[in-house]
Amino acid sequence: MNGVVVRSKKRADARDVAILRDLGVSTTHEAMGRLGLMKPYMRPIYPGAQIAGGAVTVLAQPGDNWMIHVAIEQIMPGDVLVVACTADSTDGMFGDLLATSLKARGGVGLVIDAGVRDVRTLTEMGFPVWSRAISAKGTVKATLGSVNVPVVCAGALVKPGDVIVADDDGVVVVPRDEAARIAEAGRAREANETEKRRRLEAGELGLDMYKMREGLAKAGLVYRDED
Amino acid sequence: MNGVVVRSKKRADARDVAILRDLGVSTTHEAMGRLGLMKPYMRPIYPGAQIAGGAVTVLAQPGDNWMIHVAIEQIMPGDVLVVACTADSTDGMFGDLLATSLKARGGVGLVIDAGVRDVRTLTEMGFPVWSRAISAKGTVKATLGSVNVPVVCAGALVKPGDVIVADDDGVVVVPRDEAARIAEAGRAREANETEKRRRLEAGELGLDMYKMREGLAKAGLVYRDED
Amino acid sequence: MNGVVVRSKKRADARDVAILRDLGVSTTHEAMGRLGLMKPYMRPIYPGAQIAGGAVTVLAQPGDNWMIHVAIEQIMPGDVLVVACTADSTDGMFGDLLATSLKARGGVGLVIDAGVRDVRTLTEMGFPVWSRAISAKGTVKATLGSVNVPVVCAGALVKPGDVIVADDDGVVVVPRDEAARIAEAGRAREANETEKRRRLEAGELGLDMYKMREGLAKAGLVYRDED
Amino acid sequence: MNGVVVRSKKRADARDVAILRDLGVSTTHEAMGRLGLMKPYMRPIYPGAQIAGGAVTVLAQPGDNWMIHVAIEQIMPGDVLVVACTADSTDGMFGDLLATSLKARGGVGLVIDAGVRDVRTLTEMGFPVWSRAISAKGTVKATLGSVNVPVVCAGALVKPGDVIVADDDGVVVVPRDEAARIAEAGRAREANETEKRRRLEAGELGLDMYKMREGLAKAGLVYRDED
Amino acid sequence: MNGVVVRSKKRADARDVAILRDLGVSTTHEAMGRLGLMKPYMRPIYPGAQIAGGAVTVLAQPGDNWMIHVAIEQIMPGDVLVVACTADSTDGMFGDLLATSLKARGGVGLVIDAGVRDVRTLTEMGFPVWSRAISAKGTVKATLGSVNVPVVCAGALVKPGDVIVADDDGVVVVPRDEAARIAEAGRAREANETEKRRRLEAGELGLDMYKMREGLAKAGLVYRDED
Amino acid sequence: MNGVVVRSKKRADARDVAILRDLGVSTTHEAMGRLGLMKPYMRPIYPGAQIAGGAVTVLAQPGDNWMIHVAIEQIMPGDVLVVACTADSTDGMFGDLLATSLKARGGVGLVIDAGVRDVRTLTEMGFPVWSRAISAKGTVKATLGSVNVPVVCAGALVKPGDVIVADDDGVVVVPRDEAARIAEAGRAREANETEKRRRLEAGELGLDMYKMREGLAKAGLVYRDED
């Protein structure tokens, strides 16, 4: 059903959200069993931003940002706005005025499967956006969509309140009720990497550290010298 | 007809061009009634450049930059070179030598629906380029095209002398004889935005500021609480 | 034949490699007769890097980075790792741990026709990567490929030991036994450009400097004034 | 969680499925309020097929068809196999042997967000496939995925047992428990179109039949004669 | 300016239109000096259609087909409807009901830089369409555009009354006042090809027939035997 | 080096070529160890063609078909013309006159990593073409390339005399001196499939026929019933 705004208040625990933000996208995605990733065409408008927050979702008609205005009222401090369209679009559905409003409500960033504009001002504001395009194309306000319904954004399912983690590697979605488990698994994974990094820096080969040689030989790998 | 160079001298008023440059792409595009935009695949080679100028247009064979040499002679101070190809191409048809020449003639930038190369040097020169690709692919000088004929560049019609406005949001084309009207309309729009920004910063919702609630309700928008 | 690791030790002369690095991609590509270029979708993860080195090649199953671990053992100081896949993929097959290991072995960069992740850390490490995508998508270690066999990477043939030159303009491949000849040709070309740049800066037209006017007229180019 | 096979037996009522098949994709999609559509890159391998059936879903590693073998055991007569990948892929993960097996189990078609091969034989068998690519690229059987979990296929959420409707216009997904309602709504819509078609054939304008003139005038539409 | 319908009655001579239709796209495009072609992503929904007619143009908001209804009233017998969007879209903005209406008014085909649906029915009706996509995605009727203004459709400028020629090779646009000249030039070209075809069939080489050997040798072409 | 025509006469044994043609692309590609495939964007202009033949290769400047005329002289009966470009292009570099000439010399088909035109006539002639695009865009004859040098075509390395196999599944390249071995391996594979097909038709599961259950269980696959 379309044309619905769901008032969603349930969010993951703020400490788990903070852990996921610090882990970043690649570690979180691995901790989830390599699931939950948006497609790699979603890129940040400037490098270095790293955020996590609860999703307020929008399903919009392409080229129509009416529902984004509706969604901003549903933002709680720390939330991330997630905009999906009913068909592919690169129109600039979000700009500096919407960012000003979203920021004033406590929103920490935008993930939009469409275009964004005013990127210079957004960069100066330090307001991070992950989008499929940068485009000045103006939009209309004519057709209803929905807010806080499950949406597919850039190939990933996002339900309201899910934790969105975004950094220079892309965007990953953690289901709200798995946030604690994933945060824990990610931390364990990260602890494990420090020691690995030290050994690799010292010149040890992954082949040895991960004990891959036997498996490779069993699979039939053959070495020979150049002619 | 192909193989023609038109000596075009008519340009928009310099004050209007300066206003359009300061307004930038998104505001100018809105002031035009959301028309005139090039496709969003046109991206600047470095962030932060913001230009406007009269178009000298080139229609080139893909992978052949002979006519760009021809066009540079037609550049007047403040102009922007606009290169379109007769078929899609990403070849690097423009590099630092051409930029040196274009700059020496007073050209302020390049918009090319193809590739550009030597981007590190161009960045150091502060010579802004909007292109569909960065590519070292070398070009030939073998086939005639035309200079200062109407061209379709990245989906937009450009006539010689039209005002090209380009910044981090993309590229927009303002017909020469509409420059004054659009500059005025853009300024009015911008003045209007300052007050809006202040109110949004103070936490007022776009829903209220733009008086959208009634329209949304009439369209059938329904609110409900999360299960 | 697949599942083979060739121990390749032959590299081009280090002085030629250094010359090619300083020439950069566009000049090297021109010196080769406009051949050897990878497709322009190969982009650096940060601007400003400029490298050259001998290729250690990997042919991998998409989404499987097992053979990258195998390849790192074959790296000699100054080498560049070149990863091709048997089908198009954007998966993040390489991250900061592999970069740490590759760097510890003396590798100077990565060229991968797939995705890369941990780009923020890689940027902080100053470890340059040219890739078709940035993606956190994790990979498996399940299927054999080959190391140091000829591969097609981003449309270019790369044989082990070929010289890879990469900068902001893209990536070009110089066959190992042509490195000396191309380095020489590139230097001659570059020397030639300094004088040209000076003349163009002084306002001379390419039309005159390259003596193009006669050729253009013979081809039928017509000049006329704007109506 | 990955590596799971859910034995799903719940399907929509067969009569509703038959109605949806006869309505076809465009009408079904409209009856759903313009939702549920897969992206238009999903194309049939031959024209004229029109199917509907319950979804057995597969989430596969790109280039790995192990789980498709697993999924075929879960097929019930009348079902449609729906294959999604954890990253974009065009590999030919399905061919005539799998089609033979799927058909023998009662499967009526395949929807795969990847490639398919043996398309000539599949066409001769009358086995319909909607895919993003045709590719001979062979696959491995090395990595677990899941069967009958919710998946995102070509931008649409598909849950096991949902009704897949596919024809020359594309693929649409009807949630299992909405099948009856949508079938009904689609039939009403279709009945309504017969009369419209007759009137349009007779030369009546949509402008009049849909009473659009007033709305257009109110929106500000202006008519003028050609200069 | 947007929101305008121009009542355009001027068309090219019907005999010239008929000649252009018979010449087809490739010959017409050559006769124009290799200009006027739409981008090759424009494909017919079924093979074998070959049409020519005067353009009635539409500039539409993506995903909104309101103006197509307006445009049909402007169709004269023999016309082709040409639909451009203000931003890229694949939505199915045209289906069998609109085709019924367009056909009833004498329209001979549709060229749309967006999607089309009901393609099976359109094929059965023998109503030819060239589009960038096939998509069931439904559209709204909410935003004004314009009819019979100059538009850029698939990279080509189309003015109302221009002659659209379309066949299996794509779509080409002939300016209305050049139709007679191009028809003549195309016929001359075609007459010339019959004799060429006969000689090539008899085994004569293009190298000899077109007397290319001297030019190739002068350009430096070298022959050598395989090692 | 560019600007070279190599007179290449060495071809694989005609019986092996005939076997490879009958095996088709998917089986040949599997017999090669899943290598040698061109990218799946290479599509036939009509369904049902199935060819194999020795490659005469062309490396052309995009949009310039001069070297295709040169190459036709090098065709021996049974050969396939393979055209690669030095940069991506969709221009229609080949049409019915070139096909007439190629056919008259005994050529059996064309594989071109660019566009083709006159497809209706080519279809009527029964002259098969695999291309990346269909486009009427005319080409020039101005820049040298090479004939019968190794080229990269649609991501695959092709050396003169290699066997090109092409059908509805795409295009695969068999190195000339591996043709006999691959033909043999392909036949063995095919013989093996007939029995498999019979068993699958009878309802046996691939899970059982390929004895996959143990491997899946060992990898950790879990079955559970729907909630």
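Residue numbering begins at 1 within each chain, and the chains themselves are lettered A, B, C, D, E and F in the order written.
Everything that follows uses one rule, which is that contacts are C-beta pairs under 8 Å (C-beta built on N, C-alpha and C of every residue); 3 or more make two chains touch, one makes a residue touch a chain.
Source: prediction; values computed, not measured.
Any chain bridging subunit E and subunit F, meaning touching each of them, is among B, D; the list is complete.
Although subunit D and subunit E carry the same sequence, what matters here is overlap: shared residue numbers make up under half of all numbers found at their interface.
Centre to centre, using the average C-alpha position, subunit A and subunit F are separated by 40 Å. Taking the mean of the C-alpha atoms as each chain's centre, subunit C and subunit F sit 28 Å apart. The mean-CA centres of subunit B and subunit C are about 30 angstrom from one another, to the nearest whole unit.
In subunit E, 34, 37, 86-88, 90, 135, 137 are the positions where the chain touches two or more neighbouring chains simultaneously.
Interfaces, counted as pairs of touching chains, are A-B, A-C, A-D, A-E, B-C, B-E, B-F, C-D, C-F, D-E, D-F, E-F. Those residues of subunit F that touch subunit E in the shared complex are 3-10, 46, 66, 69-70, 72-73, 90, 92, 95-98, 100-101, 104-105, 115, 117-120, 123, 133-138, 141, 144, 148, 160.
Against subunit F, in their complex, subunit C makes its touches with residues 1-2, 33-35, 37, 39, 86-88, 150, 152, 155-157.
Across the interface of their complex, subunit D is touched by residues 61-63, 86-91, 135, 137, 140, 142-143 of subunit C.
On the side of subunit C, the complex with subunit B involves touching residues 24-26, 29-30, 34, 37, 40, 43, 47-48, 50, 167-170, 172, 193, 196-197, 200-207, 210, 212, 216, 219-226.
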